[in-house]
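Notes to accompany the following structure.
Naming follows writing order (A, B, C and D), and every chain is counted from residue 1.
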Amino acid sequence: MLRPQLWSCMRQGLRGGLSRNGRGWASGAGRKVDVAGIYPPVTTPFTATAEVDYRKLEENLQKLGTFPFRGFVVQGSTGEFPFLTSSERLEVVSRVRQVIPKDKLLLAGSGCESTQATVEMTVSMAQVGADAALVVTPCYYRGRMDSAALIHHYTKVADLSPIPVVLYSVPANTGLDLPVDAIVTLSQHPNIVGMKDSGGDATRIGLIVHKTRKQDFQVLAGSAGFLLASYALGGVGGVCALANVLGAQVCQLERLCLTGQWEEAQKLQHRLIEPNSAVTRRFGIPGLKKVMDWFGYYGGPCRAPLQALSPAEEEALRVDFTSNGWL
Amino acid sequence: MLRPQLWSCMRQGLRGGLSRNGRGWASGAGRKVDVAGIYPPVTTPFTATAEVDYRKLEENLQKLGTFPFRGFVVQGSTGEFPFLTSSERLEVVSRVRQVIPKDKLLLAGSGCESTQATVEMTVSMAQVGADAALVVTPCYYRGRMDSAALIHHYTKVADLSPIPVVLYSVPANTGLDLPVDAIVTLSQHPNIVGMKDSGGDATRIGLIVHKTRKQDFQVLAGSAGFLLASYALGGVGGVCALANVLGAQVCQLERLCLTGQWEEAQKLQHRLIEPNSAVTRRFGIPGLKKVMDWFGYYGGPCRAPLQALSPAEEEALRVDFTSNGWL
Amino acid sequence: MLRPQLWSCMRQGLRGGLSRNGRGWASGAGRKVDVAGIYPPVTTPFTATAEVDYRKLEENLQKLGTFPFRGFVVQGSTGEFPFLTSSERLEVVSRVRQVIPKDKLLLAGSGCESTQATVEMTVSMAQVGADAALVVTPCYYRGRMDSAALIHHYTKVADLSPIPVVLYSVPANTGLDLPVDAIVTLSQHPNIVGMKDSGGDATRIGLIVHKTRKQDFQVLAGSAGFLLASYALGGVGGVCALANVLGAQVCQLERLCLTGQWEEAQKLQHRLIEPNSAVTRRFGIPGLKKVMDWFGYYGGPCRAPLQALSPAEEEALRVDFTSNGWL
Amino acid sequence: MLRPQLWSCMRQGLRGGLSRNGRGWASGAGRKVDVAGIYPPVTTPFTATAEVDYRKLEENLQKLGTFPFRGFVVQGSTGEFPFLTSSERLEVVSRVRQVIPKDKLLLAGSGCESTQATVEMTVSMAQVGADAALVVTPCYYRGRMDSAALIHHYTKVADLSPIPVVLYSVPANTGLDLPVDAIVTLSQHPNIVGMKDSGGDATRIGLIVHKTRKQDFQVLAGSAGFLLASYALGGVGGVCALANVLGAQVCQLERLCLTGQWEEAQKLQHRLIEPNSAVTRRFGIPGLKKVMDWFGYYGGPCRAPLQALSPAEEEALRVDFTSNGWL
């Protein structure tokens, strides 16, 4: 197996232009890949008969390719990964790799419940072209998923992964918040480069950045709803479902934060909160896909058991966009 | 104990023959299989290198076969099903079917996140010999798993399943309690025969029995900790992790309840609560497997990320058994 | 201060007829008062201008006096005690004492946030005629209310109380469940006679009874919704809001449980669950008072900020009673 | 009503003079008091026998008076208000008023469970010199405290209060988060000037600022842990327990945020998170008082049932300060 550090250096050498932020990343031996920036976690388009629609996927990516994203997250929670077979998960990542420009990072969700399955999926994701693996916390036996178990899990995955690992904590889906002490320990692993935190607790984000400040460890906000707060506290980007429909605006918010235009950033952030909540916790992926249809992308149906929105939900969804001036 | 009279008589006459053909649920006009009784949810034994140890599985089953269980649950939460591949899940069920007596029911956990995958797994489980499917609630997108979504999911599964379906609500693992109104609706489906409820809320169990009293719908307690309460409220049995180590005692508790010996039942129930909590919510499967080792079964290791108990945990586990007179 | 034991004996000698159950209580030096039985937690009637309406209180009590209750709880959660001044709390208890028969126990809620205030209120409650004090867990600083703090609190109160103390855990209101280990420790206090548990977790109730079996310690269910389960597990009675409107039925359920008529008990229990939920967690005190109006008692308004039911809520409330045959 | 920007400009010009007269809310037609700035929520010092120690209170205030606070919160959660009698609550506020400079705002906690009691306490607080009332959500009947009930409650209080009202949501204590829709409605009341939000959810803070932007409505962070995030999202200050011991640092963080020195602000914020958590959710008021003792203030004991820290807790508390360079 390639040593992760070498591999990272190779990638950095090949790709270039990665020095987007002043924190964490630098060129040279033993340095980690820089994941700073904005990523849409792409949806998986389905046909009316619930088959993966690869053509629509490519069309969506071509449209999304016009925005200055750092890359794409594939098989995140937004990608309905729990509804895909293993081969579908890999095929989707493979297709995305072929479509997106070489200089865009591809972060592939590779988390499974068992450590062994997660290792295998991570290795496979690397083989089909993922630049880094986004590894969600295992959660079914959450009562036993204490820091020790999670440190063991992620260490094993990172040890055996040919690509850098990004920790992924999303309590709304998993009922489990990756403990800060586990994050601090894991941040010292040479093949763990950062985390995506979807909780939205500003104190927690600040604490994570603070306690990992001596490591090359980057924090990505898991939602556009607290992206400004995350930047203000030392986060370096975001994986934002909303970027699937308001990509320019989320990138604009990034730019305002990175250039210190906090007043403008605040105004924009305010207008993104309700649309963001609408396509995440309020109406979920069915909501996001509906808005994609409105905005010229292909949203389409979700796989069951996710249901289409009711007319009343659809109306409320629309209001969250119109009242903020986006429709 | 109350049971639907006619149906109970039928069951006596048909015992051993009903619904063992893999197409059994509709063997009579609108009549359902009777799932009343006690089931150990069997563990999946692993070797030191984390392979499924089928020989140990068979040995455990032979020992468990000496108790008057109604049958066995395979691939329940206790079976570490999220850590098995699809083919392992099926192979384990197939082996269990070959080992256990013909007159024992085999309830196979077939729940997956997507409806389609659950249907396929359920059909496969029937093919390898399951008598009924125990279908856990999908939960990753729990924010959208309202009654409508869950009714749609279970209806589809039950429509397409060749074997009867048992609903399975286990909020400690899924973070989701199957709503009572959904249960009531689903109880009317001809191929849904009952549910396993692992929450332990006596009010809820009573309400479910009450609201489904006009259906052939049976409620199984999901734990030995509230088995007496469940019987008292109209439940008809239990899927009890504790029965893997105290099988005689759990069956004895069943008998005391069914014969109305409530005082004796209460005394026995009391002595089972702490051991039960120890092998479920407190120390989980690692705790159960440790006690199996103590009691002459093969427990062995869990698959990662589940960790072995610490010495302090092991000692606390032992106290929960010794202080109640079981060790 | 009178030693609690002496005082208890005195009361028992004066009142007589207390040997309702075989568990826990017996006459003689150092024995505790027997609190077994059913209690309605009486509501506090208010006039249209939100004054306490003592005349309506007396009328309600006279009607309730026709049922075989063990006594009355005054200033429980159902009594809107947080909305009363200290002098109102005492005046209400005083009036109830004057109205109810001498052989009915009066359990007075005397819990406050500080230990000192709770002691003072408990002493005052004794002075105005309470037979025992029902002491809710302090909860505002719940993050620091661990077992040690709660043991300290209740020990101090019980040390200084001239009347027996009943622990009161009601997580729906306090967000705090009195830990079992604290209960076990406190059960050894000579002036703590039992507890009211409003959580409804059958496993927990069984465990509490089991772990305190060597003490004179009695467990009362905090709701009619799990009264049968509580009796089945060794509970000795209940403080049931529903008894304010279906007093005969709740007492009937007690009788069926105490005489071992479990099948009849189950049928009755089932029919009480929905009405019980309706007047507790679903529609709260405004719901209970509305039903009191329907059943010939005086319900009347609550104090603000509790609001009257909406017409839709009122209709749903009615259905919960009619569909179970009580209206 | 003045647009906030204008009003901000005025405030700059008038700094020190605006609405500092202690009766400020109605100093002009329809103009509200400006509550922007940092406030320590002062602790209530007790003697060894649990009496309020007014001399120590005055000494603490004199020391705190050297920092550029906007004012002081008295009888917030940190003030142990649930442990004080009504007359103690008023006496403490009265003493604070006499000690602090005229140009410092005094925000007095006046929340009670009933609307009527809250109104009376608020009026009394005004009489003893409070400039504004900080009104915590009633919470004992939280199951019925929906938006309608809370809007009714606060409207009544604000209607009848002679001083401006600040809403106060503190879910860690109350188990209740004041809903955003209720906040938006209440922000339109001429006598409601803002809120203190102690939840720390950056998305929520941004949304509240955004949805109330057309009102003169100010949001104060309820903790130093997310003060920077709050400023970044449009908050105007904070009520920070930590300011009782690190007053200069919290005011420095305010200054850095107000002057746009976000990098320096971030560094300082990071170093305040652990000390802040230590004196709030981790070790509570006993922790804060212990640190006050270390820093030359009078901390002293809490009233029971709050317990002193264990030696192990005290050591962990110390580490949270030393590891961040504050001790």
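We take it that a contact is a pair of C-beta atoms (placed from the backbone, for glycine too) under 8 Å apart; a residue touches a chain by one contact, two chains touch by 3 or more.
Everything numeric here is computed off the predicted structure, so don't read it as measured data.
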Touching chain A and also chain B, the following chains: none
Distance-maximising chain from chain A - centres being C-alpha averages: C
Chain C-chain D separation of Cα centroids, rounded to whole Å: 37
Averaged-CA centre spacing for the pair chain D and chain B, given as whole angstrom: 52
Contacts with two or more other chains, residues of chain C listed in rising order: none
Graph class of chain-chain contacts, one of line, ring, star, complete, other: ring
Touching pairs among all chains present in the structure: A-B, A-D, B-C, C-D
Chain D to chain C touching residues, read off their complex: 50, 77, 82-83, 85, 113-117, 138, 140-145, 148-150, 152-153, 156, 172-175, 281, 283-286, 303-307
Touching residues on chain D, where the partner in the complex is chain A: 200-203, 206-207, 209-210, 213, 223, 225-226, 228-230, 232-234, 260, 262, 265-266, 269-271, 273-274, 276-277
